[in-house]
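Presented below are the structures under discussion, each in the form of structure tokens.
Same chain, two partners: chain A is paired with chain B first, then with chain C.
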Partner chain A sequence: MVGIIGYGAYIPRNRIKVEEIAKVWGTDANSYRKGLFVEEKSVPSPDQDTITMSVEATHYALKRSGIDPQKIGAVYVGSESHPYAVKPSGTVLAEAIGATPEIHCADYEFACKAGSEAMFVCLELVRSGSMEYALAVGADTSQGAPGDALEYTAAAGAASFIMGKDNLLAEAVETYSFMTDTPDFWRREYQYYPRHASRFTGEPAYFKHIIGAAKGILKKVKLEPKDFKYAVFHQPNGKFPLKVGKLLGFKREQLDTGLLCPWMGNTYSGSSPMGLTAILDEAKPDDLILMVSYGSGAGSDAFVWKVTSRITEVQDKAPKTKEILNNNKNYIEYGTYAKYRGKIRKAE
Partner chain B sequence: MPSPRYWREIPQRYRLEASKCKGCGKVFFPPRLVCSSCKSREFEMVKLEREGKLITYTIIRVPPSQFTDQSPYAMGVVELNGGVKILSQIADCNLDKLEIGQKLRIEFRKIYNEGEAGIICYGYKCVPA
Partner chain C sequence: MREVAIIGVGMNKWGELWNKSLRDVFTEAALLAIDDAGVDHIDSMYVGCMSSGLFVGQEHLSSLLADYLGTNPIPAARIESACASGGLALRLGFIEVASGTSDIVLAGGVEKMTDVAVDGATFALSTAADQEYEVYHGITFPGLYAMMARAHMHKYGTTREQLAQVAVKNHHNGSMNPLAQFPQKVTVENVMKSVMIADPLRILDCSPITDGAAAAILCPMDLAKKITKKPLVKIIGSGNATDTIALHSRDDITEIGSTKVAGEKAFKMAGKKPENIDLAEVHDCFTIAEICVIEALGLVDKGKGGKATEDGLTALDGKIPINTSGGLKSKGHPVGATGVAQVCEVVKQLRGEAGDRQIKGAKVGLTQNMGGSGGSSVVHIMEVV
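Up next is the complex of A and B:
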């Protein structure tokens, strides 16, 4: 058996409301609030990036795992906002948690699926016996061009998971992946903001891949939606995960616990992994969880997790995701947001 | 900060590694080679606690050039649990609501960038607990 032995999430304190963004661009806030089901989003402080959030989420994961960081064999950070174009995020994270130097580091990229990619590889490395523990992080300080629809949701956050074989808090019962070449969202080299194909990001991209991955894994494990206590899907907005859940046959009460986007925004590589942390915060032994990520370009990784009796021992060992989301919020205006996100051109 | 100096200070800036004198038990942060108390040269590495309280602070309104985007910001002396006092920026705080004795905790943050093309220097800052 392999699975999760420690998890943690981190969300910056700053928030901006949809109304504040809509006010600047002269759009109708209600159409975004109702159309995308998003109320506000997290914004990183100027001194925060994918690496700093990964470190904080991993400190919480280490608290819950109780392991010596020196026993971690791999550190994989999945993100589309790695601070450096050339220099790994993983080495900084590994150094910050005291896991160096006998460690394998790599940075993963696959639009919003980079975090679940890292989780998938870590599980398999542990399963193969190559290492005792492996650390997977999904984190992003997501970019959205000013005035673009993405600006209403592009947010910041991180989720961290330590995979192992013993003392599991959630067993990885099965994994399944579903990929095609679908150009729905991209960012070319040297471009500051990503581009997307508007409505094309829906049916042939998000829905096709998530449904393909979900149906594939359900068939593989011979389970039905009603067998699961929780399900979490990638959350580019609040509406898509609820719609895809309904299409697959899940009920709202199975989806609500992991749904963070309406109050956090889309944390890209951190999205469904952070939803999983919110579920683990409340899960009980033997609960089954379906998680399906989605990354443009395009593909989905699906996981079936079975919660173990150890979950109740670790839930309170670090701050819970919804506590972090709901406490100590600092609402900012668009001007401050633009400054924090480097959207203001200054003199050289 | 030149890259080699930043690299040398990673253990204390990233992991709060301090040196504890094997002679008298005094803890030094950043680590020292000779104990100022008993002159011993033998130390063991200890990690500082990540929670503490604000002892005193000041607001920086005219900062060094690489911190101008962050001003005004607070710098404070923070007593970490265990008694070691550190000098740290207090981030993510309302400058009008900082209070002596306020509980704080350490977070990993960017300290500054060496311009647009240089390295990013990371380290610890304190934030309200």
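Up next is the complex of A and C:
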């Protein structure tokens, strides 16, 4: 049996409202609020990046796990906003938490599913017996070009999970992956912002892969939507995860707990993993959770988690995701946001 | 001139056909038309397509489409007159059969528009306007039609609600068309609260970006009687006309001059008058366009297009049903295919095969297809015999 022994999330305190972005670009805020179900999003401060957020989230995960960081055998950070093109994020994280030097490290990249990729590999490394614990992080300071549809949702946040064999708080009952070559969203080297294929990112990309992965794992474990207490899907906006959940046969009450995007934005690699942390904050022993990520390019990782009795012991050992989301917010205007996000380019 | 019949029509489900390429989309519709006609070969082919070069990077459609349809080495031509390409392909097919040059001619149209992003599609479509005097100054088609709408409102008192009623009617009709891209019904409120595109036009005033194709098989009447047992639909009138490419060069921007002239030619050839028409498929690329063209065709009085729509005269059960298929608004608008799809709808109606949207006893139908802001128009009149 393998699974999660500790988890944590981190969200920067700055927020910008959809209205504030729409005002600058002369668009209709209501069409985003109602059409895509997004209200506001998190914004990293100038001194925050994927590494600093990964460290914050991992501190919380370590508190909940209660383990010695020296026993962690691998650290994998999944992101599409690693601060360096060459030089790993994972080395800084491992050093910051005191897990070096006997540790394997790699940075992962697969658009928005880099975080769940790291979770997938960590589970298998622990299952194989080659290490006692492995650390997986999904984190992003998501990029969206000024004025692009992505700018209304591209947000910042991190989720961290420590995988192990004993003292689980959630068992990984099953994993399943679904992948094709589908070019819906990309960013090439030296480009600041990703590009996307507009409506093509919907039906043949997001929906096809999440539905493919969800149906695949449900068949594998012989379970139906009604057997789950919670389900969480990748959240590029508030509308897509609710729609895909409905298409798969889930009810709104199964989806609400993990749905963060309308108030947090899309944290890319952190998206569905952070939704999972919000669910674990409220889950009870024996609850079943379905999680399906989505990464453009394109693929989905699906997980069936079964919560154990240890969950109630750890939930209060670190700040809960919705507490971080709802407390201590600092609303900023577009000008400040543009400065923080490096959208104002100065001459050399 | 020989009399010409349409003995087969074919159209596939329109929409965002992500898994199909231009050749697949065209070949599907062409085979449906060939099956509908019951012929075992075609002698010649015309295909309307506005901008395969910009949409999918493919020109030389005459060879490509004859190749993939398996009809090499027949003569084939790709016809371009912006959004009127399909109507013009049909007209050239008609002339080829009428002249005695070929017996069985396929007239089709195709456009694959979703392989590029929205800005790419907007650019490709803008090439139907005057690049030097319109497009360089930043205008796009929604902007041009918005100016026509404003002028129509100012001159004739046409209301914002009347524009919305065109969309409501066409989506209602499209809800009965299983091949339509957007068969959802909409309300006046939906239209008037939809996202603003170019004041006063909102997104539900605009036709969508669509992948799709349509085809028709033409042959001489004598031969048609031997080939098919279906009711024979004869092309009795065909008109084609042009106007200034730039909107600002026209004396009156509320009048579509090319449609007026093409319509007069078609009516004269057919020996019919507007009051003889039982239904019409017209080019509602924007809601205001339908209002302007039904006036230009004389189907309603000048300046009364909006009022006629409001009064239900153009509804399925009205005096002159317009766009029974759902029109470009609901059925979709793969630009090169639109003119041929209009003919498919009229043929289905005249044969009595239009299902829930059937106009009872329809004998004479009209199609009007236009390019750009009305720089070119093609009108056909058909009668079931």
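Assume the second predicted complex is superposed on the first by the 348 of 348 C-alpha atoms of A that agree within 3 Å, B and C clash if a C-alpha of one lies under 4 Å from a C-alpha of the other, contacts with A are read in each partner's own complex, and residues count from 1 in each chain.
We adopt the following convention: a residue touches a chain if its C-beta (ideal position, glycine included) is under 8 Å from a C-beta of that chain, and two chains touch if they have at least 3 such contacts.
These numbers come from a predicted model, not from an experiment.
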Item to complete: Record, for the superposition on chain A, whether partners chain B and chain C clash or fit.
Response: fit
Item to complete: See if chain A has more residues touched by chain B or by chain C, and give me that chain.
Response: B
Worksheet item: After lining up the shared chain so the two structures overlap, which partner does A:Glu203 touch, if you call chain B first and chain C second: first, second, both or neither?
Response: second
Discussion item. With both complexes overlaid on chain A, does A:Val55 touch chain B (first), chain C (second), both or neither?
Written reply: first
Discussion item. By the touch definition at the top of the document, which applies to A:Asp181: first (chain B), second (chain C), both, or neither?
Written reply: neither
Worksheet item: Touching A:Glu253 in the superposition: chain B (first), chain C (second), both, neither?
Response: neither
Discussion item. On the A-aligned overlay, A:Ala96 touches which partner chain: chain B = first, chain C = second, or both, or neither?
Written reply: first
Practice prompt. Based on the superposed arrangement, let me know which partner A:Glu189 touches: chain B (first), chain C (second), both, or neither?
Written response: neither
Discussion item. With the superposition applied, I'd like the minimum CA-CA separation between chain B and chain C in Å.
Written reply: 33
Practice prompt. Enumerate the contact residues on chain B facing chain A in the complex.
Written response: 10, 14-15, 50, 69-70, 91-92, 94, 107-111, 119-120, 122, 125, 128
Discussion item. For a test of understanding, state which residues of chain A touch chain B in their complex under the given definition.
Written reply: 13-14, 45-49, 51-52, 55-56, 59, 83-84, 87, 92, 95-98, 328, 330, 339
Response to the item:
Given the complex, residues on chain A that touch chain C span 28, 31, 197-200, 203-204
Worksheet item: Along chain C, where are the residues that touch chain A in the complex?
Response: 16, 18-19, 114, 117-118, 195-196
